[in-house]
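Both complexes below contain chain A, partnered by chain B and then by chain C.
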Partner chain A sequence: MKNVFKGINEIPVKTWSWLSVNDTELKGEFPSWAAYKENPLTGSVPEGVEILVMEPLQTYFEKYKLEPRAKKAFQTYMQENRNSGYVIRITKGQTIETPIFLSFKLDESSPVLVDNVFILAEENSRATVIIRYSPAGSLDLSHSGLTQVYAQNGAELNLIKVQMLADQDRHVDHVAGAAEAKAKVKVVLAELGAKQSITNCNIDLRGENSEARIDSIYLGDKERMLDINYRIAHLGKNTVSEIHSRGVLADRSEKVFRGTIDFVSGASGSRGKEEEYAVLFSPFVKNVSAPLLLCGEDDVEGAHAASTGKLDESKLFYLMTRGFSETDAKKIILEASFNPVLQKITDESLKEQIFSYIKERLSYV
Partner chain B sequence: MEKRKTFVKDVDRTLYDMKDTGADSYRVSKGLTKDIVAEISAMKDEPSWMLELRLDSLKTYHSLSMPEWGPSLHELDMDNLITYVRPNTSLKENWDEVPGDIKSTFERLGIPQAEREALAGVGAQYDSEVVYHHIKEEMIRQGVVYTDMEAAVKEYEPMIREYFMKLLPAKTHKFLALHGAVWSGGSFVYVPQGVDVKIPLQSYFRFNAPGAGQFEHTLIIVDKGAKLHFIEGCSAPKYNTVNLHAGAVELYVREGASLRYSTIENWSKNMMNLNSKMALVEKNANMEWVSGTFGSHITMLYPASVLNGEGAKTEFTGVSFAAEGQNLDTGTKVVHAAPHTSSIINSRSISKGGGVAVYRSAVSVLPQAHHVKSAVSCESLMLDSVSRSDTLPVMDIRNDEVDIGHEAKIGRISEEAIFYLMTRGLDEIEAKAMIVRGFVEPITKELPLEYAVEMNNLISMELEGSIG
Partner chain C sequence: MSKLLLKVQNLHASVEDKVIIKGLDLQINEGEVHVIMGPNGAGKSTLANIIMGHPNYKVTEGSIYFEGEDITEARTDERAKKGLFLSFQAPEEISGITMENFMRSSRAVLSGEEVKAYAFHKELMLIMDELQMDRNYAVRHVNAGFSGGEKKKSEILQMLVLNPKLAILDETDSGLDVDAVKTVSSGINQFKNSRNAILIITHNTKILDKLHADFVHVLMDGKIVKTGGTALIDQIYETGFASMESISGK
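After this line comes the complex of A and B, so read on.
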């Protein structure tokens, strides 16, 4: 198992090795297998949704052949050590208004979670799936997960993943998705906690006129290490993508962001856009950004932008002239910068939880 | 209906593809051994420290592996490469004394004419050795030194020993180690304190021998408050064997000084251009790179600026044109190592006919470098769907008092832009030509006039249908 967590977030095209952005590894060992005893499913299963536990997963993996950007050894580890797994099937033509919510709690009795979730949105169906990872107690907790999302013709699937683990925990998470013709896959990722968080999201736009979006926020403070790797590949014609990431780094936190828009030859008429904004709060942070644009097709429009800096002082000044203290003014600006992403979280109580979690964490800033 | 596409012609290479036969008088055996390295050193009658540097570099070369990133270099066969080819002449200071066939090559490239009209000094290297070096009297009177590297090793030994391969040591990568072992030719420039060299100096590197390597070393020191514009031109005829260019350029820009280093590279399509360039920029000094990459089979070239003193600035302006059989991996590196330093990076690339253009960059801000500003902008134009254009920028920031921005765009030219120009009275062909030239204009405007004209001629077009 020693090398399983090495080389687990490889950049799509390598660059200078001295920059240390080509890949990453998890520091320390992952604990050996233990049962996961909690039931993450909250609420009742809505009509038009089928949820299957564990065994059928493999059949779905093999049938839809999504390709996570995780190396083989890691995928095998995930398969062999899986202790929680679900297939969520949204049946053809159904629109599910209430989000399907999987809330994975890690605690003393279940300190290790290796979860696999496969979500199939059948033709012209619509649904939102929320997956949350949260801790209880102060034990070292470890999570490693793989979520696969497949949207058939005309389907629209929203996946929201929120990671709120504690300061000593480990989090390794891969999302692999694909969209058939006219389908939409929208992923919201909130990387808020854990000592080391390694996350990957890869979506293939296979069908014509399909769309994908990744909206993410990250919050680095103390000695947190965030390693992020997103990629959307345009394979079909007239496909649309957007990667949008906003983050805050404070204290001695470290972040590596890799975001890739990949236009494959033949994906004519496609458009892709990528933005990453990082706000820095401490002279001791490490902030690495690699926004990649790969292109093998001429009839496309691709753009990326990244910016890094301190909080906008004129905004800060304005708010302070209106009577806010410096700390409150900073909080307001940061919350406002996270807002466009958080607004995509349709579950009001989860949104509130995230807001108060961020507020509390920002009190360090 | 498939959109019709404008055909942008390949760079016209007729001029560069002329070959001379039998212009060299001596070449070392193929391959790379201690004996060959010692032979090169003995022939140049070098001081012993230089031989040691060469032999140490050779050791380093054998200990380093090939890069794990970037274009594949599998076609490079070091065992069959000739590392040193001496042309059949000694160094001249007058064009009339340069042998006829070599002189006519440079004449056809327009070098002597350029010297008469627009340059303060010229160096011309043919294969491994510099065949002509000349600098205007007025420059000499001001204490400007412009000489070939071999002469500098002897005449300015203490200075060369202090700076040679210190910015770019052999251990940096395999091809710098190779360079250290077999370097030959190149120029040394010293501009004394406060001297403003108003017209540019130029070195032109011409490669004639097939299956050989060129490893020239350029060392420039611009002393406090001085100013210089240095132009480097490169070309070679096309052969069916792989040629290698692994030169090194080390630039020292001292306090308050200013250096512009312009390169127009038009190597033939059998050339592996694995060149290394670095500038150390001191307090309030300014370093400008202007880089045009048109030729070569494979290029890996990333001029680097280390902003080492407070208030130092750098600007990189680059354009590349990758056509069939070309993989041009270019970009820049900037290290902000001092407070209040700033960098501007501006890159344009065009890919066509299966060519691959890669923009690769690294902007690093060290912990002590507060109040840093950096702005990166790169745009890529794809002319068909068999070509590639990748953008791989990395920013590594270790400080919060920074303002770092990066923007990139990829795609083709919009039909709206063409339409707009046509409503203003231009016909379609003129409109398209204007747009493509406008795309590379940020680069051409940085070039001396003759080069800008040449570059516009290089990008000539047969226009039909839409661009892209």
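After this line comes the complex of A and C, so read on.
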């Protein structure tokens, strides 16, 4: 079988291979199948939500006539190798106030997680789903995940994914989404840990007046590697998209960011913009950004930008004159950079966990 | 007898091999207000930054003592914890943290004690009212989008909230309109007491109309060339800094 962890995170339009942005691969082998014994579901299932465990997805897709967008080979691999699978269905017209929380813990008894989560927001429903990946202990833990979201006409789905793995862990994560007419898909991604983190988020705006946002933060330190690939494709007319990513790179960490707004022919009247901003805490980091705007349609508005800034020493000094230690001052600067994205995480306890996780990482920077 | 707070002794300092401070002596006691004046490029702001331990400046000779303790090598945050404060000429914007949270966290790290949110909020509102600052600034991000005058008020607000032993005000009055100068002066008067001290670095003396200075120093070419009372200010206005060049010592 083809190794699905090679040639992944492909850029939509290939460029010179020496730029090393065309695709990536997971270093080393992804471990073979092992049982995942934890129960990630926290809290009770709210009214208006149906959660199915290890449901055969193909049957489900056929039942709802869905075509979630994910690379076929990866989708097949995930379905065949998943050791944790959930279908979350938000029923038509329901507004679910409390977020649905899946907390995946990886530990000695469950060192490998292959999760396949499918979220269906039926017509005019609203909900927030939070998925967190965190480790217990310092083992060699591996995670590969595929989260698919499908927002039917007029639905609004917020997906928040937070990855807080440890230095030696691996993380390969795909989000694939689609929005029908007037639907909104908003994804918040926090990529904070793991030795190698390969993440992909791909959303199709299929219906007219649909909207999608990807807000992400990433943190690289030590010799960790981050490979990011986001794409929002405008297929329907008058669709709106935004990709907004903020990162901090320290020590000898490496990052490749690909962000694509793809205006497909027929998506007239659509608007899309993307922005990535990286703060470099060290001169030894490797920071590559490839923001792309693809225009197959004339009647569109698109904007893209990627910028990089060094750690502002004047800000650091200002904060230290107010009594903050260098680590705390860096944390404040980092939080200030991350804050526009973190504000979108409504779960205060999760936000606190993110802050302490960042602080712990920064104490070594 | 009032206690000696700051003692700068034979200070020599440079930035990127350029010598800026060339043998500077200064003593500030509790209850005193000192003013440093001098032409552009004399080293006034550099002195403020060195006293606070800016990492870009290198002390090549001499020492800085605070309350008898040698702080020449101390980190900036350690100096702040000992009671030193700098009001910046160009305060930094820190988006992502509100003024109130920033000052509350700052007070907590400076005092090493927990600062209760409600009590702090009440105190802050009172101080803001006295400074005639719009209360909404408390929920705005630190200096983000503030006008020049608002930034300077924000520095004075921080000084009042953090209550340091020695406040160094670097060009706090520059770029302020008449009303803002009054507000800043009244804030400084509110802060001033017999247990703390103020070092004002300035180009003009509007700020001193409502504030009594005990000592006026003239800093030129990295040295204090003259020290006197407020009469020295009139002399500077009459004859300019150039006339001080040949004079040395107190």
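Please note the rule applied: the second predicted complex is superposed on the first by the 330 of 365 C-alpha atoms of A that agree within 3 Å, B and C clash if a C-alpha of one lies under 4 Å from a C-alpha of the other, contacts with A are read in each partner's own complex, and residues count from 1 in each chain.
In this text, contacts are C-beta pairs under 8 Å (C-beta built on N, C-alpha and C of every residue); 3 or more make two chains touch, one makes a residue touch a chain.
Everything numeric here is computed off the predicted structure, so don't read it as measured data.
A.B. asks: Could you tell me if A:V288 is touching chain B, chain C, both of them or neither one (first, second, both, neither)?
C.D. replies: first
A.B. asks: After the superposition on A, what does A:D298 contact: first (chain B), second (chain C), both or neither?
C.D. replies: A:D298 sits against chain B, while chain C stays out of touch.
A.B. asks: A:I333 in the overlay: touching chain B, chain C, both, or neither? Say first, second, both or neither.
C.D. replies: second
A.B. asks: State whether A:K14 touches chain B only (first), chain C only (second), both chains, or neither.
C.D. replies: first
A.B. asks: Return first, second, both or neither, reflecting whether A:E313 touches chain B, chain C, both chains, or no partner chain.
C.D. replies: Only chain C; A:E313 stays clear of chain B.
A.B. asks: Of the partners chain B and chain C, which touch A:N39 in the superposed model: first, second, both, neither?
C.D. replies: neither
A.B. asks: A:F324 contacts which: chain B (first), chain C (second), both, neither?
C.D. replies: Second partner only.
A.B. asks: In the complex formed with chain A, which residues of chain B make contact?
C.D. replies: Contact set of chain B toward chain A: 3, 68-70, 360, 362, 367, 370, 380, 382-412, 468.
A.B. asks: Using the touch definition up top, name the residues of chain A that touch chain C in the complex.
C.D. replies: Residues 312-315, 317-326, 328-329, 332-333, 335-340 of chain A touch chain C in their complex.
A.B. asks: Could you list, by residue number, the parts of chain C that touch chain A in their complex?
C.D. replies: Chain C residues touching chain A: 49, 52-56, 75-77, 79-81, 84-86, 88, 91-92, 94-97, 102, 105-106, 109-110, 141, 158, 162.
A.B. asks: Within the complex, which stretch of chain A touches chain B?
C.D. replies: 13-17, 19, 21-22, 263, 265-266, 268, 280-310
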